[in-house]
């Protein structure tokens, strides 16, 4: 099958801020995104585990978004405006898709 | 360590269809695959969240499969035969592994 | 935005061994890692599903770690010392990040 | 009847549904964790099934049971054709979506079943324990009717009637849980019930409230997001179809001579629409259908309609009809 | 008083907290699944809210209720300023973290509320059912005070007082659950309570034990990891602030003439610190603050302090103070 | 004895196990969410532990307790050697897998423990409350024996007996939960029990049914997938070993003079095999072993054998043996 190159932005983000991020992404008109729960991790803010956490702020998610390379920079701006001051991490990688018109 | 290039197919798929897909993958003789739960997302079919969903159809999963590049096309055919008409997304990326004989 | 190339190590690992791995990673001084739950999969050891499993050993996780290419080999050694004899899988891919000094 | 409607309206479970509805329409981030939501539906099915089985163990199997089950199956298989006609030609919904929604309305809603039995108990109107078996029997036939309808329109993907697919439908987790618990209830009878009573019976209203809170949250989300995709005619269907389903059920109940209580139950089953087992089957069988339409109709419109308007109406009608 | 302290100390829920604390300090891998932990906090909020509502339905709305709610709001809004002063100038914590922690101490802890009502019931000391409404009212004002404080120091990101943000705070899931259940309780009153009693009341001590086991696990993790980031002065704050909060609350209770039981509750609310709703608001509003500091203080130090030392003290004081 | 076997067979919990087994052998997609399954095992351990502790608080610590614990430890440490011999030389299983399975059979099954105490209560045959402490004590020694066995064969990776590893085993979450709840039960005694009764006692049979449904689902999956990897001899081991374990336990019980009820319990503990705590330890210590073998044997074959054949047999034998 013929494949087309796209970019995959991955953002690790706190539960409390997730909704802000998805609202903002939708406003920019991304075609879609996916969110998966994290079970734990470690970063500058130390080690954490999802298990047992109480409180509405607890938990982190990985959100990723497959986009056209042309839109990458614009989206990174949007993402960083929200994520920069929070616990979190942004990375970008290359992927290939079959139906380029979706993104 | 010496690394060997392989392909990673990632398929986002509804709970209701997951079993069909894994059964089919096993029939083609893939060496393995992994499945992770999604917590939410947005696509052409709109926004959804895993939390609170009732019903046996609720929920989506990310399934990925590390395979040899030689088998990529064959597997994509199999995958698309199942996923094409459903809510879902297929993407492919490059990975490197240490033990090439496993895939 | 200017992006910097890094490596992403992904390790699929059993619950029982996860703590050993994270302890060891912290000892080597990685800047961070993330862990996500798996819902199921298939490998040489057969098919498994997270749902319904009882017992403290049940379940697998995907752990990933974004690191500088210079540290890749060292970390793979550490990882393989723990994962080699277990059910599991290690793969490496390329990612790009915005703040290279974090890794 | 009005008194009952009001009383129904201010029962804790309906209020929790309203609370969930309000919270999600107001965009609160209140949510029930996925694992809990799935546990609650398993719990409800087991509790309902077990109690039905224990009732049958108590009363024994009668010819009435067989007749009622037969009536239920015919209703479940037949109503989708009525619903499809209304949706396709009355409301102008496209072929595949009309077929999928029709499948939901032939099948039944377990929580609405609970609500009607609760109302009957409060009114001290007796009903037959085996009606739970009727409810279980009505779960699946509608799925096959929906497939027949969908197929009649256009050629569809192969493999749809394969043994594999039939097994997927029949061994659906929800149906296995409901029927399995029913069998366990039949076998262990009162002895089993006495040991499980605190969990399956006494705690039931509490678990139900959390479940209904969750249903309210989902219904609200559906209404918020799905509002635009529903034409007024399609939305109207969600309030007309229950009355039609109940009318057919009333006819059948009268034909086989059910008691007033059981008639009210059969009417409610006919009037209610599925949101647990059928959506999964439709995703498998009719992937081109938009799942949000059926869910919003059944959960967001029909379910509250039945709770508030329907059930009091069906009870009043049943008391007139039953011989 | 000592007897009550000891009795409090050997209640199952406190012991389960200790068990969790010990397990996680000893690095056991004991854990409560995330979905269960989230369900338990939903359950606690619903149970507390519903019982409060049912109590109000029973006793009716009085002018005492309005006054007590007013007192609670003033306390919740005012205490953060006291807490900030102590933290910033007494304990030398930096500006943003001091503001964030102060927000936690103005708000309240639902589980500490449960503990004081439990102790009062054991002592047969009556209190007003509407105190749950006071507790609910005290949840949020502290958040806004924390923002005012944080802002006063330095220019902060725009959009912080936007309607959007206010809605995020007001429609926080925990607050909706608590208030929603309160309203349901008010409406359904005793009839609702009788059907939900086995789930919401009888099972409560059991669910609470699991929740406290989990809280102990988190507190232990916090203490283990966060030990180094806490100076002795900041740690000391966690034991001094409750006494100050309780003292202010005692004054207010005296001014509005609360009964001894209700005075003890208001003191406990003033003394307790939030770990459910406020942390989420602080992550949104003050992302630069380290969430581990507030959580370790409130859960690891203040919560056990209130259980063991505080509550007996507050009750004794309340009995002296109340007119 | 046959009557008891039949009655055991038609208890709700056994039937739910059968329902799960059937559903997963028939490839139904019925499942219990992971978080719920983990909560249920935590609940069972806490409930069992707490009740044991409350019993000990009631009856006091006796010399019988110390002796019984000692017997349990010796059994747990000794049985793996018997099991290994059978598996390695009788059934031809390879070295590492034989060692790992042997570890499971030295340890105990909490649910089988519940089943035997249930049967004894039904028969009004008294037993000592401290047997729960014996059960807890039997959890871990078998793990170390399995390691000794595995090591004796071949040189193994370093670090296996490190303090770290011992701590991992001893602080295993399940063991901490069981022993912690036991201690809480000892301290709070009857007062604690009365507040936790609705949750820990009354709701227990219900939660147990869901847990057993889940165990049935796993056992079925194991049997379906693992069928081929089990030789008939290895499968036979799963029905022979319980009898041997029970026989050794009977000898010990007779030596220390246990009552008939307690003898039956010790026999059942000897006969049962672990599937909660030991699998985790074996994954850490003997990663080369295939976890599916032990799980299928203990859950799919030994557990139902003990429920149906074993327990009535052990009770009958215990009544003959006990002095």
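Just so it is clear, A, B, C, D, E and F label the chains in written order, and each chain counts residues from 1 on its own.
The rule we apply is simple: a contact is a pair of C-beta atoms (placed from the backbone, for glycine too) under 8 Å apart; a residue touches a chain by one contact, two chains touch by 3 or more.
This structure is a prediction, so every number in the text was calculated from the model and none was measured.
Peer 1: Measuring centre to centre with C-alpha atoms, which chain is farthest from subunit D?
Peer 2: Result for max centroid distance from subunit D is chain C.
Peer 1: Which chain's C-alpha centroid is most distant from that of subunit F?
Peer 2: So the farthest one, by centre of C-alpha atoms, is A.
Peer 1: If you average the CA atoms of subunit D and of subunit E, how far apart do the two points sit, in angstrom?
Peer 2: 41
Peer 1: Using Cα averages as centroids, what's the distance between subunit A and subunit C in whole Å?
Peer 2: Whole-Å distance between the two chain centres: 19.
Peer 1: Which positions in subunit D are in touch with at least two other chains?
Peer 2: 29, 31-36, 38, 168, 172-173, 198, 203
Peer 1: Send over the residues of subunit C in touch with two or more other chains.
Peer 2: 19, 36-37, 39, 47, 56, 93-94
Peer 1: Can you identify all of the chain pairs that touch?
Peer 2: A-B, A-C, A-E, B-C, B-D, C-F, D-E, D-F, E-F
Peer 1: Which residues of subunit C touch subunit B once you look at their complex with the stated criterion?
Peer 2: Against subunit B, subunit C makes touches at 10, 12, 36-44, 47, 60, 62, 73, 76-77, 80, 89-94.
Peer 1: Please output the residues of subunit D touching subunit E within their complex, sorted ascending.
Peer 2: For this pair, the touching residues of subunit D are 10-12, 15-16, 19, 22-23, 26-36, 198, 202-203, 205-207, 209-210, 213.
Peer 1: Show me the residue ranges of subunit E that touch subunit D in the complex, using the header's touch definition.
Peer 2: 33-36, 38-39, 42-43, 46, 50, 167-168, 171-173, 176-177, 180-181, 183-184, 187-188, 192, 195-196, 198-200, 203
Peer 1: Residue numbers of subunit B touching subunit C in their complex, please.
Peer 2: Those residues of subunit B that touch subunit C are 1, 3, 6, 8, 22, 26, 30-37, 61, 66, 93-98, 102.
Peer 1: Where on subunit D is subunit B touching in the complex?
Peer 2: 31-34, 37-38, 40-41, 157, 168, 172-174, 211, 214-215, 217-218, 221, 225, 275-277, 279-280, 282-284, 287-288, 290-292, 295
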